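For reference, chains read A, B, C, D, E and F in written order, and residue numbers begin at 1 within each chain.
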């Protein structure tokens, strides 16, 4: 059994890479390995949006990521610097910025780039999916 | 005097194109022309996010677009199909989808692709800025 | 008579080829953003297809440190010049 | 020994060139997403730099209508095969 | 195949140039959406498949994993929307080792001169 | 310029490959951010400038319109973070008509074989 982490740079519904990442995540856990964490960076932070509302006959990517956390304990880490710029905030950050709405909810966590470095050093494999 | 419309495909804070579009918008109105509308499509819909919170020493793109509307009456049109998928909703759409938060507010309007076709046919120039 | 806008570096050869195919005898090309690198002499092979009707946006050149390096065949325009090009060309097509 | 992932079409020649420079004698290349088009015989000029150590992801081939068109020098792998490649290679580097 | 001559080209109200391959990104899908909506609004719409956009026409495409629909079902709807002016760059096809026989729709191949001419005569062009 | 030989390369804890030019996108900036944070966490970090990434090193870059900072101020901070293993692809430079003298930082030029060797010996590599 190996420990994997994923790094996702691609926005959902713009590039296949977000879907490829979720497909590969399924392959990891089905293959008997552990997916410790997914780190969302660059435009990948939009995968964490609680507001995404795709048509009903298309996959809901944020739900797909959440299911990984629920079923396998995978950490869903969103780069806070990349996210704030792009409009991804949890309630804490919304309060800090005086905003009444938020769009990042547990199990997605806003976190620093240090967690990406940790994920790389503390797992056997880091696989990147970019647009 | 010419009537201009812009089509913006680029996400803010990922590609210069969103900034180029805003620069060119300023040049249009400073140059004595009218900027009738900006249509946000593809990842350009993220320009409309009321939640974007860039560092204080960086430009706030959504505020830049809003100022164009306030000072020059420019319509800010966000493609609803591209936006909903990517997590951009106003209060109406949030209610319709059972979501407690929203991130698109006036003067940004969620609208259909037909408005892009209108903007193209009813203005003298349509200039596209893509990533 | 069209104005073509292009924002990719000359290493994105596919977009330069497709644009070359679509470029008319009276068309103009304006290089913006990362297409500024195509204004360097090293990219002259990619640019010669556009028959000397090429300009480049000054502010994007300057920010990239390219101001003193532009090939003599290419005209440098500022933001007003960009606007003027869109005034005189009925259509503007953006390649990316 | 590295596994390289690539997801751009062979018209994105710059990324193929940079990857070629970085490709080691025991490395493997897996083509996914739009890089599947590099598995066609027409792209053999771009692919030969990788010395026969190239595979392509089956599901991305099939969705693009390329299943019957793959160059014989290239190995087709399914999602399990993709996972297996990452198991046997300590490092996986993604080019885009 | 015989390429169409420039003189055979009829101007449309809107020309959409498709340069991206299917499945990998949403460019192709969002470009076709614009064409379909414009046609539904009564505009005459033409499509040019250029560069990697010619792959959109390849026979035998399928839905992808996780329910990705692809763009071939959209292309199958063009006729219903009276979008029948379909052009393809002959150079783009041949560079990719493809011919008209590999394609799912009847498209007119254009030589380089005709591509430039096609662009000249259209009042509105959008590139995706 | 004399290219560095493969045998002169020391492995780092993390290798960041920068392939994108400055200003046009956030790739370069977000890649350098990862390098700086990893260094701040005590990792030995090396940078390889490859492809259009070599433009990041060009002398004379400035802030852009609308307050775009660019990446040259970030590069000026590398030394403070003890990031001193800076490599550049010699082929990428010469294809762009540039030489080491055009660059703002002291970087070591690598021939193609040395680039491949550099990649082999690093335990972790991220590409931006």
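Simple rule for what comes next: contacts are C-beta pairs under 8 Å (C-beta built on N, C-alpha and C of every residue); 3 or more make two chains touch, one makes a residue touch a chain.
Remember, predicted model here, so these are calculated numbers, not experimental data.
Enquirer: Applying the touch definition from the top, give me the chains sitting in contact with each of chain A and chain E.
Expert: B, D
Enquirer: If you take the mean of the Cα atoms for each chain, which one ends up farthest from chain C?
Expert: Between chain C and every other chain, the largest centroid distance is to A.
Enquirer: Taking CA centroids for every chain, report which one is farthest away from chain D.
Expert: B
Enquirer: Measuring from the mean C-alpha position of chain D to the mean C-alpha position of chain F, what distance in angstrom results?
Expert: 25
Enquirer: Distance from the CA centroid of chain E to that of chain F, rounded to the nearest Å?
Expert: Going by mean C-alpha positions, chain E sits 40 Å from chain F.
Enquirer: Of all the residues in chain A, which ones touch at least 2 other chains?
Expert: Touching at least two other chains: 13-14, 16, 23, 42, 58, 126, 128, 131.
Enquirer: For chain E, write out the residues touching at least two other chains, lowest number first.
Expert: 23-26, 51-52, 64-65, 68, 124, 127
Enquirer: Do you know which chain C residues sit against two or more other chains?
Expert: Those would be 7, 9, 11, 14, 33-34, 59-60, 93-94, 96.
Enquirer: Go ahead and list every pair of chains that touch.
Expert: The set of touching chain pairs is A-B, A-D, A-E, A-F, B-C, B-E, B-F, C-D, C-E, C-F, D-E, D-F.
Enquirer: Could you list, by residue number, the parts of chain F that touch chain B in their complex?
Expert: Residues 23-26, 64-69 of chain F touch chain B in their complex.
Enquirer: In the complex of these two chains, what residues of chain D are touching chain A?
Expert: 5, 7, 32-34, 59-60, 79-80, 82-83, 86-87, 90-94, 96
Enquirer: Note which residues of chain D are touching chain F in the complex, please.
Expert: Against chain F, the touching part of chain D is residues 2, 14-15, 17-18, 21-25, 91, 93-96.
Enquirer: Hey, which residues of chain A end up touching chain D in the complex?
Expert: Per the stated touch rule, the residues are 2, 4, 9, 16-17, 20, 23-24, 27-28, 31, 33, 124-131.
Enquirer: Spell out the residues on chain B that touch chain F in their complex, using ranges where they run on.
Expert: Those residues of chain B that touch chain F are 13-16, 19, 22-23, 57-59, 64, 131.
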